[in-house]
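One chain, chain A, appears in both complexes that follow, with chain B as partner in the first and chain C in the second.
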Partner chain A sequence: MGGSQSTTSIASLSVLNKPLLGPWHSGTQALCGPECRDKPFDQTNNYFIMNSTTASSPTTVEGLHPAKKKFTYNPNQVAHTLDKLGLGYFSPIARLIGRDEPSKQVKAITQNTLLPVLAFIIVLLAWQYCAGTVKTDSQKIPSPAETWVAWKDMLAFSAAEKSKEKDYYQSLNERVANYKTMAFQARDSGNVSRAESIEKRISKENAKVYQGTTTFFDQIGISILTIAVGFLIATLIAVPLGILCGLSPLVNTALNPLIQLFKPVSPLAWFPIVFVFTTWGIDQPPAASIWQRALFTSAGVVTLCSLWPTLVNTAVGVAAIDKDHLNVAKALKLGWFKRIWKIVLPSSLPLIFTGLRVSIGVGWMVLVAADMMSQNQGLGKFVWDMYQNGDTASTAQIIIAVLFIGAIGFMLDRIMLVFQRLVTYEEQSI
Partner chain B sequence: MSYFECIHLGKTYKTPKGDAVIVEDFNLKIDEGEFVCIIGHSGCGKSTVLSMVAGLNEISDGTVVLGEREINGAGPDRGVVFQAPCLLPWMTAYENVMLGVDQVYYHASKPERRQVATYYLTMVGLAGSMHKRPDELSGGMRQRVGLARAFALSPRMLLLDEPFGMLDKLTKFELQQVLLDLWNRERLTAMMVTHDVDEAIYLADRIIMMTNGPAAGIGDILSIKFNRPRDRSEIMNTELYYEYRDHLITFLEERSAHRPTKVA
Partner chain C sequence: MKLTFLSIPFTALAAFLLSSCGKSDSSVSTAYPEAVLETPQADQTISSEMEFLDIEKDTLKFGFIKLTDCAPIVIAKEKGYFDDEGLSVNVEAQANWKELLNRVINRDLDGAHMLAGQPIGATVGFGSQADIVTAYSLDYNGNGITVSNDIWAKMKPDVPKGSDGKPIHPIKADALKPIVDEAKTAGNKLKMGMVFPVSTHNYEIRYWLAASGINPGFYFDPATKQVDVPGFLNGDVELSVTPPPQMPSVLEAGTICAYCVGEPWNQQAVFKKIGVPVTTNYDIWKNNPEKVFGVSKEWAEKNPNTWLAVTKALIRAGKWLDASLDNRKEAAKILSQPNYVGAPYEVIANSMTGTFEFEVGDKRPMPDFNVFFRYNASYPFYSDCIWFLTQMVRWGQIPEQKADDWYHEMAKNIYRPDVYERAAKILVAEGKAETSDFPFGTDGYRAPSTDFIDGNSYDGRQPVDYVNSFSIGLK
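This part shows the complex of A and B:
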């Protein structure tokens, strides 16, 4: 409690005047006359000042600039942030860099690393064993080594495909440039009809798009795009509907049977119905466009399967909102929209995001099946095509795809986890 | 007509076994700028009276008149301080106060509204912590925010429902001082529910003693004649303080069970 700080408090306070009056006071009446503005803090009020100095941060009354912080590496803080981002695995490393109990961190790192590596090795051995044992006349489980070769082939194929595409566009550009000079020369020599026909050919060439094979990595991209579309639609439907269900027992009563009925339906059963809708509602775009009709069919199936967890969680979160918080809204007479936006939504966000996290997991699982049926160019179609090929190399590629599907699903879950942690506030104890 | 008046105020809950009468025929007049404490045993219905005045609990019988108008539901013309601070945990102290300020001073500019919130947070001693969220504040600091939020509304009436009931004795003393200082500046009409006899004597102009439920009502009224501003140690050194204290404790221990047939 430094004396110098308490003087800043007084100085900053004397700037403040008792400001406005509420609308129910007649305009001229002032509750606090100038006499009490002049001496905001006397001896008996001393504890105010003491309290404001106990706070570690500088006074943030307007007009005073808080002191600039000097950057220092705080291992504890970095580790905490990593934990919050779902990267708790790296927090011992961050602590080790900051020399925070090094021996403990080394032990944690070895433990965190050794055990998963051990489990991984066991799975590899089991896989190797299966590869030698599980065989039919036409097929067998590829060994880890064969799978590795298949992975290299996939990389090579994708690189070759990319360079082919590049070559294609290069030659196309050269041709167009040639045509342009020809057209220029024709115009120069006064042959207008020839110039026009050449220009027509240029625009035809420009409209051409490379018709190559979709690579594995393109298909990953399409899959992510599809789930993004499906998940976005699901969220836009589920959150508002969930809020309505949570707020109004009537809406809840009306919708609950439907929710319970549709929640357990398999994506494969939804597919034909969604297919009818997209075929009716969406014109088939040109082959080069990424917004294929099949993409929307898959996205629609994802939507129908993934909206339920969010809907149910949102409804529960809204219905379980603290009565004290609603009383605050009531006592302040907040309007309907403000009540939703400032009280209901923030207080149910943690549960909404729990629902969203479950939803995106469900959506990703559903997507592979939906892609197989709708022939959307995603990972599901990749798996399906490889299955149709039926040789060992294809099975190896399916194993690669399985690993990628798992890894991407895990990543999506982590992303949602970070959001979930960001919106979760600590509950106050009193 | 008084500034504030409860006329035959009553609360009845319908139960399968018939009506449960919590409060019956509660009549009280409060002048503008008066500080009134309601004291009584736990569960006697004093909080019910306050929440009916606040508009958070429906009125079964009678009416409440405030500033020549009958109250109809809750509204920011009454600043309520709850027993739990009831801060919104996803907002900072400043935002919590601003929520009410925005609602009341909708006609004011943003800098003016910001000034109101900053002023009251500074007044309760939170100038340095106003951008902290409730989970970073101690219980006492949270209740300071609660006080700032109520006073920042510039309400017609202040309603306090055992605001310091959950705090330890030292913090309680500090916060009573904060409350009294703010009140001395603004002289809002205040109604406070408490079961702490010393708190009531220190703060109130008048203490309303409520009889035990069911069908609770006013048992006795005691005027506290200490001058303002009051000094705690000074008033505690007077004979009168202990007379008041005896009066209240005797009521709570011996007389609160019987409702007098006629209220003075």
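This part shows the complex of A and C:
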């Protein structure tokens, strides 16, 4: 019973992951088998150099410290590193610099650049066309040009809001100077209680910190902070639970129905429940604090929606550990914690990170909706506020927010990809 | 709660928010706090020391909804009145009224721009139950009823017109009645939008409809003891909740055919030619209370000096807003910023600077459309609170009939003119306001008035008689 359920999880999981990982993961790296990973490529004969000292340049004087050896540009190594960092787009350029099959690289660069640019132009034209046709009496799709203007307005607005900070402190200083004169006069005229109340005010004024309007860029920061919190909590719950599920078929049998039940729930449905919990459990911090309760409500929704891929992947990864490894652990009489730390975790890391990568993608998608509802000052709130403004420029600003949301989501995915590749052998990455 | 929305993805969200509000509304409770107002501290002398109140909490966050009548809060911030009181205030737009109230109740917000009915509804336990108090009325008037172009085309022939061919105002719902009856007979009741179950707009559109013999529907049926959360019982039309900024697009989508909402969302309909405002709430009841600045009772008890200081700043902002036309224009400019109301300046300025455009081109002077300070608009009169209570009883939101004393006691729990008067006295002592700016010495009841669209007389001292005076309404 338990076994059949876990195979279903594996199946659903690989379906989920394949399209996500496919396009970026292939490429030059595929030429290189698992055994050549981390080994430098010899640029001239394409043989693996097993002993790196033989590759040292002829100028190296024997007996000198190896750090002094002359730097040689190894295009394969650079390209390989770029691939690993999720920057595979630049690897043909790196190879071209090293004159590694230039004609092939030029072709790759042209293709990699021209095709996306072409697609971009088509989308831009379609957008321009929509801007001319999709309009109702009360709203319309802004054109790319209008969106550009709205972007400049947003920059100007943020800059203006930031410059208010200086004005604020200036007027604060003037006020305090004024109060000081008043306090002095009050003391002079013998009105001690008045002088004291003014002095108390002065000390409070001096302690004041500027509370600015939250601009678009602040909101980006808050969104990233929120997903970091939500994702961290999700990981702290999902990995240990996943290990338990993977190790013990009993735990897996117990939890699997719940996991299947909660996995498909929409963030909008989780929100009211999380809201009750955070309102109950978190005391409202001071207004100026960045750790607002709404942030935790959003983060909680992110947690509940994003922990499932990690949980399922961890369970699958742990369940799939080579039995020989576990037997070795038994033979060595390793303790429970040591077994998990030395055997279970390392061998399931690739799948755990695959899960984490899917999780952060889900979390980021969910975050915008959660922010709209919880009033967390993130990008979702920006979109909702602009929607309520009912100006054509506000639709343009929503388009800008959409582009930013996409770009940041892409960036998060790249970061997770790097981690994933660091712990994964090529054959294992799905 | 029956929700009829168009298919914009956002409205799905809105629908969700609203339906969650509908659920808690079902717990209509008659519980109300027994605490009575402590006697105003009349013995406390107002001296110039009060200028530097000992503030308990100086970093505050206030919520608002994107409507022009949040102006006093925004102006008090932008003009530095809060700073003068030693307060550092952040104002934050909220998604909808339900969310705003919840965040005041759970202390995410220190205070907020509220519908006058919200502190009252919350205290009597209609919707979210919580003790909310107010010492400052943000404005009078400021709402309008807009009908779709389609309905207006059918109504217009029956509307009385003057010698210039333009409709004579106020336009009553008489011309709407045949259309309502026809739709009802066809089994397809007209659907209309208002912003919140305890909002002024709900009571105003109900008042306007009922004044012409159209039954807007009840929340409770005393005969069967049936409670109806959406308030559709026995109605000739169906009134449902839509957040203010979404009104024009929902009207355009044809989901509703009329709505009652605050500015700039009526002028927006004219600008975009999707509807025609037929009446303003000034015509329904001259100088009717609209929004208040609400705080939770717990907060007020913990931070009495802060509350006083906030009230002082708001009074100065209200006074500034009504001081000149130039100030109004400046306010419209400030409010059009994306972090405040965010609608175009022209739309906001239209109603804020003393005019109101009905049909396209039919722009009429409306000097009292937005009143922030004149006519003592900022004073929290008990009689204003009692009017809302009478309407809650009239439409069955409060399911049983109450005695006069109950109304007076509730008003004294929720409205706190004592705090307002202290703030006013300090401002007078500081030379920042005149004694003549304030109705010192009032007992908190406005003079009886017949300034209603149906000519009915309202005396806040006799609430039960008033409830019994309506032909459509629970008695």
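Heads up, the rule we're going with is that the second predicted complex is superposed on the first by the 319 of 430 C-alpha atoms of A that agree within 3 Å, B and C clash if a C-alpha of one lies under 4 Å from a C-alpha of the other, contacts with A are read in each partner's own complex, and residues count from 1 in each chain.
As a working rule, a residue touches a chain if its C-beta (ideal position, glycine included) is under 8 Å from a C-beta of that chain, and two chains touch if they have at least 3 such contacts.
What you are looking at is a predicted structure, and each value in this text was computed from that prediction instead of being measured.
Q: If we overlay the two complexes on their shared chain A, which of chain B and chain C does A:H325 touch? Say first, second, both or neither.
A: first
Q: Kindly classify A:S103 by the partners it touches after superposition: chain B alone (first), chain C alone (second), both, or neither?
A: In the superposed model, A:S103 contacts neither chain B nor chain C.
Q: Just chain B (first), just chain C (second), both, or neither: which does A:Q397 touch?
A: Only chain C; A:Q397 stays clear of chain B.
Q: Going by the contact rule set out at the top, does A:K200 touch chain B (first), chain C (second), both, or neither?
A: Only chain C; A:K200 stays clear of chain B.
Q: Quick one: classify A:S347 as touching chain B (first), chain C (second), both or neither.
A: first
Q: Please give the residue numbers of chain A that touch chain B in the complex, ascending.
A: Those in contact with chain B are residues 9, 12-13, 16-25, 31-32, 36, 44-45, 47-49, 51-62, 324-325, 327-328, 330-334, 342-343, 346-347, 349, 425-430.
Q: Within their complex, state which residues of chain B touch chain A.
A: 54-56, 67, 73-78, 80, 82, 84-91, 99-100, 103-105, 107-108, 112, 114-116, 118-119, 122-131, 133-135, 139, 142, 153-156, 166, 174, 177-178, 181, 185-188, 229, 231
Q: Under the touch definition given earlier, write down the residues of chain A that touch chain C in their complex.
A: Contacts found on chain A: 136-139, 157, 171-172, 175, 193-194, 197-198, 200-201, 204-205, 208-209, 211, 213-214, 268, 272, 279, 284, 286-288, 292-294, 369, 372-373, 375, 377, 384-391, 394, 397.
Q: Note which residues of chain C are touching chain A in the complex, please.
A: 10, 13, 16-17, 20, 48-49, 52, 54-55, 58-61, 66, 80, 83-84, 86, 88-90, 92-95, 99, 103, 106-108, 110, 243, 245-246, 248-249, 252, 265, 268-269, 272-274, 337-339, 341-344
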